[in-house]
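A single structure is presented below for examination.
Should a chain be cited, it is by its letter among A, B, C and D, assigned in written order, with residues numbered from 1 in that chain.
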Amino acid sequence: MNNALLLLAILSSSLIPGLIIFTLPEPALRLRTTCNMAGVLTKLVLVGVLFQRVYQGTLPELRVPVLPGMELLLHADSLSLLFLGLSAGLWLLTTVYAIGYLEGSPHRSRFFGFFSLCIFATTGIALAGDLVTFLIFYELLTLSTYPLVVHRGTPQALQAGRIYLAYTLAGGALLLFATVWLRSLAGPLNFASAGILFTLDASLHADLSLIFLLLIAALGVKAALVPLHSWLPTAMVAPAPVSALLHAVAVVKAGAFGIIRVIHGVYGVEFSMTLGLLPPLAFLAVFTSLYGSVQALRQNDLKRRLAFSTVSQISYIILGIALGGPAAAIGGLVHLVHQGLMKITLFFCAGNLAETLQIHKISDMAGVGRRMPWTMSAFTLSALGMIGLPPLVGFVSKWYLGFGALAVGQSWIVVFLVVSTLLNAGYFLPLIYRAWFMAPQGRRNEDWPEKNGLETDWTLLFPPLVTAALVLLLGLWAQAPFSPLYWVQLIVLREYGQ
Amino acid sequence: MILADFLLAQPWFVWLILLPLGGAASTFVLPRRVAPIGFCCALLILAGAVFSVCQLTATGSLTQAAGHWSAPLGIVLRADGLAVVMLATTAGVGFIISCYALGYFPARGHEPSRARYFWPLWLFVWAGCNALYVSADLFNLYVTLEIVTLAAVALTALEGGAPAVGAALRYLLTSLVGSLTYLAGVALLYAGWGTVDLSLLSQVLTEDPLSRTAMALMICGLLLKSALFPLHFWLPPAHGKAPAPVSAILSALVVKTAYVVLLRLWFEVFASFDRAMTAHLLGALGSAAIIWGSLMALRQERLKLLIAYSTVAQIGYLFLVFPLAGAETAATVWTAVILFMVAHACGKAAMFLVAGTIQQTAGHDRISQMAGAGGPIGVLAVVFALASVTIIGLPPSGGFFAKWLLLNAALATGQWWYCPVILTGSLLAAAYVTRVLSWAFLDVRRNVCPVSSRVMKWPPLALCLVALLLGLAAYGPVRVALTGAPVTGHVLVEQRP
Amino acid sequence: MNDLSVYAAAGILLFFIGLYALFFRRQLLRKILAANVMGSGVFLIFIGLVKQPGQSTDPVPQAMVLTGIIVTLCFTAAAIALAIRLKELNEEHHSATRPEDDFG
Amino acid sequence: MTLLFGHLIDLLLAVSLTVLAWRLLATSDLFKATVLFIAFGLLMALAWVRLDAPDLALAEAVIGAGITGVLLLTALRHLDSGARVARMSGRSGRRSLRVLLPALGIMPALLVLLCLSSPHIRSTAGLTASVIERLDQIGTDHPVTAVLLDFRAYDTLLETAVLLLAVVAVWSLHPVRPIFSPEPISPAQRGLLRLLLPVLIMTSLYLLWRGSHAPGGAFQAGALLAAGLLLLLLSEQRLPGRWSGMFLRLLLAGGFMIFLLVAAGALVGTGTLLDYPGGGASWLLLSIEAALSLSIAALLATAVIGGRPSDRSTEFPPRRKDPAGEEG
């Protein structure tokens, strides 16, 4: 199968099941599940084949002419495969989880249809070869995630959906304007490892800086940078699989991935340095991280606390890119995968607690470890990973971030890392303490449904355990071939050419 | 192969005028067999449009003098890129509306007269549109404009209620004023230069007070007929009160006829004039239309009035073309406006047809109480959502690439202030569409409603899929639109420093 | 200054009288009359400007004005039918509501 | 001397046209406005004669003054009953007209000056010469009919479409209402009718035939025939029920459909629109004109009657019930 067909197959492996599921009537449970699973598994196999081809150095490409002088370009370089691998893998687990979670709830065909469209858009974002194609799939992501956010249909959900659309569509409009402006200045914007704008003459530097500001603002909406982050906590009314999808796999990562593409693919790190664009971005990332952690401390609702923790963790990725050095870039890029694994486990566990024990508030999490030991052990493992304890993946990315900062001479970043680790501990350790070491208060004990066999349905338990195991294993065998760290080092090697 | 040669040799764009005229006359004479005649006429026109597109791609733009009398004396018909694209759009959208009308106006329904008179009037509108796109003679354009207007007015009044008849009368009087002002301009041109043919005039016309007055008169007349912002008062009641397929015809097809005449005048007849002042005036009015139309749409309580005001806003986009049409951005803007007209025609027609189905199943079209009354809303919500993607201008719809080209032209000519207008227009469109779409997701008990017939549910879905995928498949229509276009230059403009 | 025919000047005046009356008069029948006057004005401008003293008038504008007269007649017929229908509907509406007002 | 006298008449006519139009639109009483409008139509016919356009004079007299006048008078019968609406706004109408007089004066003056200052006025010879030299190639000698039926035949085809469209629009609104007065017609009218009808028919036939070489033609003949038809319907004659079905519809659309068939035939034959075989023989043009004039007569009459035939039983247009109840 030649390269272009492979890319097309990967894209349609989530589009076609989605369209089929839309047409399925509500009670066709078995057909819908097989459709879902078929899509997921074919996608995983195809991504594996693509990994193997890109590892050997071939660059699969697919060009679709759209207008005279403009064409859509899909290409799979090593960076896009990082994001593609993450989204394909976690999509399998999230689908299994969602099938279990939404047992018996209405509108499931509609949910899984948009669920697949969302992954189709994420795949498109990962494989986008130039800023125009990226913009098209970026907007498609907005369209396909809005119905998921408002899935429950309650007035609060619709209000959250309205806020979500307001932010993301405004961001989309800004991105459209910046892309058109950049394209009219610099011609086709194909992503090149060393960036393409350094050839333009000096007179345009002022425009380019303004465009960079617009691009970061537009992508910052989805990457939840501080002034543009407030849609994320309000989007917590969505069901748990959607929150997992939004935070760990699709929307937030798309924003961060966009910023990586703009800095590495379009502007190029050296040119951004000469324009002096990266230091303010690094500072904004640090400020966002600290602000997110402080806000997380103040939340009593479990999912809102996790939401603010995402706001702070995503800015680690942006910090890694904004520092500029290869080591920091490794830290940032590998955190893209690690944060995904840890955050999706936390959300799976939060979903389990909400689904089986109707626990939403942290205050009534006392002694829940005794009732649901497996879920809470996965939760604890990921929480510790988020804090950055050595054997887990969180430590790996923080280590490279600190090491990279020192290499670039930004020693104050290490101080920031320590402070942020303390803050992480501040809002995760009480959860762990409350779950394991506090006895369930009086009356709360009886009204927990009796445990028969597994603490909850196997489809709700299996995904968090797998991701928790990955959090541990990828931490211990970070240097193993085909581990995220190994692949990121390959990316940075090709990027910086050392 | 003889059949293929025969088919290619036929002047299809002329058949596309005579077919609907014949259809209209025969549906008037045989009222009992109105639906079958009307439908097969629609089918033939669709086939004719497809053949004319193939003919254009094969042999380039065609011209034909009626009765073999050459330009100054006779009337010249011309099928260039713009004409054929609009013929194809009118045929496609018209065919879908005809299928929908079969279900909406049941011949044996309780009001046979509505069905009996819908088809002849609709075929007259179709004939008028086709004749207008193909004609290259100013006075002939006046007569075609009159056919379209008179038939559209009668269609608006088909609903029969006092508001509909009042809106139709106001529509008629305003259009009459517009046509007479346009005719005054034509009179001045003929008095000065002795011909009314477009191509002859563009060669021989010189810029002096007489021709400038003629231009001013003609542009004012056409502004009134295409409902640009300050002169749009007649459009929302007419489009809002008419029956659904009629609103779709008015908003998607009739609105564009006066605009295409203005486009031809601007880019052909008055191309050599220095019109900077007029261009900026039209641009300002267009921007005001976008903002004001969208804000009014946000405040509407009834769905069809909301869509009508959305038309007023989208017309504003069309008028941004004139200030943006600089020396090197002419081709960009020409492609943008044609892509926009095709995308808007499909999207807006689908929206109105869905509104019609909702009104028939729910009994009313008030947005606030629509959630409960939904009935089997699955397909309706999806169609409205897909159609609104085009109206907002999100990828991969045709509207997105049209707005992309408009932004590109705005930046290339340095008039950056049109960019925020275009983007705010999109965001406001998203706002009023979300207001309607939220009823589709509201989780409330739906009382069972009569299921609308199959022919009313699926055609709009096909229409908005076309609008949606137009963006990806824009290469074909754009190349067709550029054949024989009075503009030169690249479509995508880059200021290489 | 070549002698612009008196009729063209009269035509221009009629055009603006009609245009003005059409926008500022309330009754529908009067608006229809104004539209007809405006139409006659335009036709007078057309032939007035084209007429060369001494030569026969150019037949092409005559044909166009004939077409114009017929089209204006068609619009007048349609407008009057709409106006009558509108008045009937308003009367039905008023007479329909008045009894209810008494009992309301 | 005659030149001076000619200019005087033109000036007088132009001024009286303007003043008449002004009075017509300023008065509050609708009936007076309608009568002034009919006078305005006749003056316009005179203006066309002065402008050496006899075809237009005929058309204006019959259509502008005649048919439109009858149309307005019948409309008055329906709209006048709401007289209080008319009177209530009468006062304000007069005042606002006078207040905006200056604005009204400036715009036309500006336009006149613009037109005068252009060198192009009267510089071009127009198309008279090219029409005259091509007259021999076609079957008619009168230039206007040549332009109408041959050079710009496509316009005429669309124009008859507009006429048919007007009737369809009027019929789509409402079934026919009894419009003519119930009082029995006086014997004088019946005698006048017996005298006038044959003359009317003869004149319209003559006009039709004359169109091929002198001013006249399908539209004027048709309009005259329509006037005769209306005169007939005014005096108690009705079209029997069974005639107001398919026969009436065929009569209305017949002229247009024949013209369309000729156009389609020409298109199939020679591949160009309305290219008559053999350059438009005179018999072909005359037959088209005859069909057109019949249809135009029926179209104009039904447009004035103003409603679609309801069902087969009643006559078309129905007799108006006498308010006192006994049959008229």
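Just so we're on the same page, a residue touches a chain if its C-beta (ideal position, glycine included) is under 8 Å from a C-beta of that chain, and two chains touch if they have at least 3 such contacts.
Note that the structure is a prediction, hence the values are computed from the model and not measured.
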{"item": "Among all chain pairs, the one with the most C-beta contacts", "value": "C-D"}
{"item": "Identifier of the chain whose CA centre is least distant from the whole-structure CA centre", "value": "B"}
{"item": "Between chain B and chain A, distance of the C-alpha-averaged centres to the nearest whole Å", "value": "43"}
{"item": "Distance between the centres, which are taken as Cα means, of chain C and chain A, whole angstrom", "value": "67"}
{"item": "Length of the line joining the C-alpha centres of chain A and chain D, rounded to whole Å", "value": "75"}
{"item": "Whole-Å gap separating chain B and chain C, where each centre is the average of the chain's CA atoms", "value": "27"}
{"item": "Touching two or more other chains - residue numbers and ranges from chain B", "value": "73, 139, 143, 146, 150, 153-154, 157, 165, 188, 191"}
{"item": "Contacts with 2+ other chains: residues of chain D", "value": "111, 115, 121, 126-127, 131, 151-152, 155, 159, 162, 165-166, 169, 173"}
{"item": "For chain A, residues contacting two or more additional chains", "value": "none"}
{"item": "Chains that touch, pairwise", "value": "A-B, B-C, B-D, C-D"}
{"item": "Complex interface listing, chain B residues touching chain D", "value": "9-11, 14-15, 17-18, 21-22, 24-26, 28-29, 31, 64-69, 72-75, 77, 113, 117, 120-121, 124, 127, 131, 139-140, 143-144, 146-147, 150-151, 153-154, 157-158, 165, 188, 191-195, 206, 208-213"}
{"item": "Touching residues on chain D, where the partner in the complex is chain B", "value": "111, 114-115, 117-121, 123-127, 130-131, 134, 150-155, 157-159, 161-162, 164-166, 168-169, 171-173, 246, 249-250, 252-253, 256-257, 260, 263-264, 267, 270-276, 308"}
{"item": "Contacting residues of chain C [partner chain B, same complex]", "value": "15, 19, 22-23, 28, 31-32, 35, 38-39, 42, 45-46, 49-50, 60-61, 64, 67-68, 71, 74-75, 78-79, 82-83, 85-86, 89-90, 93"}
{"item": "Sites on chain B touched by chain A in the complex", "value": "335, 382, 389, 392, 394-396, 400-401, 403-405, 407-408, 411-412, 419, 423, 426-427, 430, 434, 438, 441-444, 471-472, 474-475, 478-479, 482, 490-497"}
{"item": "Of chain D, residues touching chain C in the complex", "value": "7, 10-11, 13-15, 17-18, 21-22, 24-25, 30, 33-34, 37, 40, 44, 47-48, 50-53, 55-56, 59-60, 63-64, 67-68, 71-72, 75-76, 78-79, 82, 85-86, 89, 93, 96-97, 100, 104, 107-108, 111-112, 115-116, 121-122, 126-128, 131, 143-144, 146-148, 151-152, 155-156, 159, 162-163, 165-166, 169-170, 173-174, 177, 219, 300, 303-304, 306-307"}
